[in-house]
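Structures given as structure tokens follow.
Same chain, two partners: subunit A is paired with subunit B first, then with subunit C.
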Partner chain A sequence: MSRLTVPKTYKLYIGGAFPRSESGRVREVLGADGEFLANAAVASRKDARDAVVAARGGHAKWAGATAYNRGQVLYRIAEVLEGRRAQFVEEIRAQQGVSAAVAGAQVDEAIDRWVWYAGWTDKYSQVAGGANPVAGPFFNLSVPEPTGLVAVVAPQEDALLGLVSAIAPILVSGNSVVVLPSEAYPLSAISLAEVLATSDVPAGVVNILTGPVADVAPWLASHADVNALDLAGAGAYDWPAFEAAAADTLKRVVRPGGPGAVAPSLERILAFTEMKTVWHTQSLR
Partner chain B sequence: MTGTSIEAPHERALALLGGQPDDATLRRYLHGLPGVDAVGLEARAADLGTRSIKTTSKAWALDTIVKLIDLTTLEGADTPGKVRSLTAKALAPDPGDRQTPRTAAVCVYGDMVGIAVESLGAAHGDPDDGLVAVAAVATAFPSGRASLEIKLADTRDAVAAGADEIDMVIDRGAFLSGRYGQVFDEIVAVKDACRRADGTSASLKVILETGELMSYDNVRRASWLSILAGGDFIKTSTGKVAPAATLPVTLLMLEVVRDWHTATGGRIGVKPAGGIRTSKDAIKYLVTVAETVGEDWLQPHLFRFGASSLLNDVLLQRQKLRTGHYSGPDYVTID
Partner chain C sequence: MGFLEYAPAPESTSLVSFRNEYGLYIDGEWTAGGGTPFQSINPATEAVLATVAEADAADVDRAVAAARRAYEKVWSKTSGKDRGKYLFRIARLVQERARELAVAEVLDNGKPIKEARDVDVPLVAAWFFHYAGWADKLDYAGLGPNPRALGVAGQVIPWNFPLLMLAWKLAPALAAGNTVVLKPAETTPLTALLFVEILEQAGLPAGVVNIITGAGATGAALVAHPDVDKVAFTGSTAVGRGIARAIAGTEKRVTLELGGKAANIVFDDAPLDEAVNGIVNGIFFNQGQVCCAGSRLLVQESIHDEVVERLQRRLSTLRVGDPMDKNTDVGAINSKVQLERVTRMVEVGESEGASRWSAPCDLPENGFWFAPTIFTDVQASHRIAREEIFGPVLSVLTFRTPDEAVAKANNTPYGLSAGIWSDKGSRILELANRLRAGVIWANTFNRFDPASPFGGYRESGYGREGGRPGLTSYLQAAPAAVPAVQAAKPVTSRKGAAK
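Moving on to the complex of A and B:
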């Protein structure tokens, strides 16, 4: 007698929990061979609003953690991802219709990217900041600080690597993110959420909304409580409209192909930081 | 709220009770009230909370909520500066939109009444005239654990400083021990202390502190007791005890107010306070009021929200309706 199949429900990831879409909508995700894989939640603008509230709530704890601690947490994501490698390989293979070897290479690359960025948490501020020479009796110091809450349209062409490459550098400095993962391959994003939820990433720091980018992104772009908009994967959409929607508020916008694109780079970490400069009087001798 | 006569309700109460308000008479009356169907009450409240209020109705609801707020600061760390910024916010809740209505009142500790009156200046007065009233908590708020002389002095002090409304706490210890006569007499005495030299009187809100009353039956009894003793408003909580205001408790108190109105024609106000932080929650209360006692009650002399953080959330929602995009906490004041 064969066992009953236990299909997985892919829901959203908001505030450290896995709620269904407020709209109640789901869509069928089909494999490369047209076979039914799973139902994925279709996020609405209300979900986007809830995610922003959750991300704002999670921001202070993440930004307030020591750089060393953030590095440990990011490294832990790589560890947990490594342990679930087989699941991710299988999911990518089914969704993208690639060979197990190609899918495996994508997962390995994603794991390595977490490790690479984990190492940067306690180093990027020395590289980007430092003491400035000034013509006066002052210490003058510049340090990069997280921009705050970043809304991200992740690269659309693959299931996992693009998403990881987009959000890992944003998390390095202590930002929280609301991310719209690949519209065509949404399943790996929610499996990644399960990894994040068990890697000591504080609730609300990463929020993942699967669904139509064109419907949800404008609401995130115009939201006054979003501090930066990363359009890394929005090239195929009407991204100038997203940028225009963001123009009503003081918001940093990184265009498709902007600083460092999504290849691993220090520039991408610094694209989501703000420089704080402090003047401090020298003691009088 | 000014100039209400205190004798009339007292006589009505004596007629209803059929005797002097001593422990035995009150006990006979209050324990003769029908018991509360807790399951039915909570189901009714949950049902009223499911209404969908959108677009123009939502805009109306948001403005109504602002007009019904007692903007409150009741912290040990309050300073004159904090009270001045509170009154400034009550007068112009959203400086970016001058169409925003003023709140009904500011609610402060007794020693801050003078500061609040002074900083409101010409804008101090009746919320019906578009002005802002000053409410003061008194009677050893929030515990109520002081002698009657202290409580009355506390009240007179706030009234003399210019308070339009007094929020008193009942002695929950006495109430729960069944010393109803003592609670009744205290409310009557505080009501008397609300009188000003010119014969007018400050409005009296009676705080039941429902979080400490243990049962819905007790909430109903305390509501009746407060109304019989002459309270102008019944208020759920001090905000210092959890749970504070809940929708079922407020519904229950509104039902008492409705029954009193049916029996005597008198109109008593209700003020849920504490724990109402979002517009969504506040709109549920508006629906409950309209469905229980009628839309007449949605005016500052008959319904209030005791709140501080609620106002910011309402302002964010108003900005969303005005601009079409979601707003954020950077666009309202930090209180």
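Moving on to the complex of A and C:
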């Protein structure tokens, strides 16, 4: 006799908690074969604003952590994800209708991506910054710092790898994110939130809003407390309007880059940093 | 003569001869503009210096086309070594003609000769010299081997440091292999037009640098031109927003250096003599018409009265007047429009309840002048504590603890610069970490160097000028420069389209 399964309620991830959408709305997620998988929460404007408040708090904690500590936390995400590999493979198969091998490769790549970026936390500033030989008695040092709070439209093509590839480099330097994951395959994003919640990622550092991108992205693009807008996965949407909305508060905007846009790179880490240069007077009186 | 009075020591203006009329410099030739010619005046005397052509949309089109041709036919085929040599030549020519350029800048801008002579022009030469050396070393810029130029750069610069901003823009763009259409500000076009002689003496190929004059409409046409690959702008945050909006949805790359409202934080353990000099330099350098000016003085409550008293004493000795006089500390405001803006903001400060003190000084009858001014009893909510005044006006606020200083300093949508004055090293380092600003000066202020990146956080713009970050603003990685790990094949197959 087969056991009756206990399906999961897929909610949002805001400030380290899993609230339902304030709007009370959900959207039916069907598998590739048309069977019912879940009712995913549909985030509203209010949810987006709550997520920004949570992310502002998360940013302070995360940016205040040492680079070594951030590296260990990002590595722990890889560890916990590895432990739940089978769950993610099943979920990707159900949503995307791909073979176990293809889904497994996606999960493996996502795990490895966390490992790769974990190693960058205490290195990117050494590579990108340094002492500047100015013509005067000053010790002059440039250091890249996190931009702050980044709103992200994650790549839409797959359930997990695009999301991880988009947010991991943003987290390296100490930014927090409010991310809109794949609209078609939203379930893996919420399962990833369970991984993040148990990997010592401080509450609010990653906030995940499922639902139609076009509903929420404009609010994040124009929100005055968002510092940067990553449109990596927004190519199929009216992203020029998002970029125009971001202009009023002079957000840093990373435009859709097509395939390979979120491939692992130092450039993606640095795109969400600000170079700070400090002049220290160096003279004996 | 009494104490601290000096006989006039005017620099000679005979080194400079402007033409009566200037056209547009496009494709290596002077051509007429399609718009309405306008005059550039000396803000210290209101005398007309020259009449300058206005570029209309068709002229912008011609200039961009010339830059595109020069990029494709000449400059992209010129070796890095030779691009570098052109820039070295330009640096040397600037040094040779330094005094002439300084005098020209004073005439057109109104800044004191000692600043143009000792700061602006030496930095112009330094900027070209610094980036000249990068031109044949782009493989080391951090973008992998064989990075490429972006193409045609449209550059719009402000009137506060006309020639220096030209150097900040041209030097990295040319070193990286771009060609340029540059628009100087409408009130200060003359040093850029004089600079054409240096470009010609250096033998720079025609079309590599095109200089077009005009006001906001000309700049907007340049920024919006579809064949411009890179936009670089220094100016107001309002115009910067418009540019960000105009390029939304395009492939244009952009750097924006916009406004600021810098906090200059003075702790009670600061070396006060140096701090007072630094405060004065921070806000009265270039008549306060500096985007990174230390316009908000945050002084620890216990030393507020002493600092204000020392400031007033120091400001009373500043010599305000003829910018051509070598003894002049504070020159003319650049334009009537700007003077009206400063005057209006000072009226707002008074009406909102802050206490105004202005240095007692005789101001010349002609020209645009504003006496160095300090506001005390300023609240964080006052407009003079929040908005950029861009004039010789300092707002003084107080704090008690380092936490309060940080909170007040960061309480602004801007984030260009900040200053810290303290003799305690650990405190400086902590503050420098916590201040949200792109440039921080510890026990100094308003220092600039081509090796030192400059640029802001938040609404002070994005991108950096100076140093390696200033170079990479004009470069892109070669298409082949894909990290090995990036070559991994896509691991998804799609069944049904992702919406």
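Heads up, the rule we're going with is that the second predicted complex is superposed on the first by the 278 of 285 C-alpha atoms of A that agree within 3 Å, B and C clash if a C-alpha of one lies under 4 Å from a C-alpha of the other, contacts with A are read in each partner's own complex, and residues count from 1 in each chain.
Keep this in mind: a contact is a pair of C-beta atoms (placed from the backbone, for glycine too) under 8 Å apart; a residue touches a chain by one contact, two chains touch by 3 or more.
All values reported here derive from a predicted model rather than from experimental measurement.
After superposition on the shared chain, subunit A has more residues touched by C, the comparison being subunit B against subunit C. Contacts of A:248 after superposition on the shared chain: both subunit B and subunit C are touched.
Look at A:82: by the touch rule set out above, it reaches neither subunit B nor subunit C.
Contact with subunit C, but none with subunit B, is seen for A:105 once the two complexes are overlaid on the shared chain. Looking at the shared chain after the overlay, A:136 reaches subunit C, while subunit B stays out of its contact range.
When the two complexes are overlaid on their common chain A, residue A:215 makes contact with neither subunit B nor subunit C. Of the two partner chains placed by superposition, only subunit B is touched by A:223; subunit C is not. Of the two partner chains placed around the shared chain by superposition, neither subunit B nor subunit C is touched by A:194.
Overlap of the subunit B and subunit C contact sets on subunit A: residues 224, 248-249. Taken together, the subunit A residues at the contact with subunit C in this complex read 32, 96-98, 102, 105-106, 109, 116, 127-128, 132-136, 138, 140, 142, 147, 156-158, 161, 182-185, 224, 227, 236, 239-241, 243-244, 246-250, 252-253, 255, 259-260, 263-265, 267, 274-281, 285.
Taken in their complex, subunit B has these residues touching subunit A: 319, 323-331. Within the complex formed with subunit B, the subunit A residues making contact are 49, 52, 56, 219, 222-226, 245, 248-249.
Residues of subunit C touching subunit A in their complex: 126, 142-143, 237, 240-242, 244-245, 248-249, 251, 256, 258, 271, 413, 428, 432, 437-444, 447, 449, 451-455, 457-459, 461-462, 464, 467, 469, 477, 482-483, 485-486, 488, 490-499.
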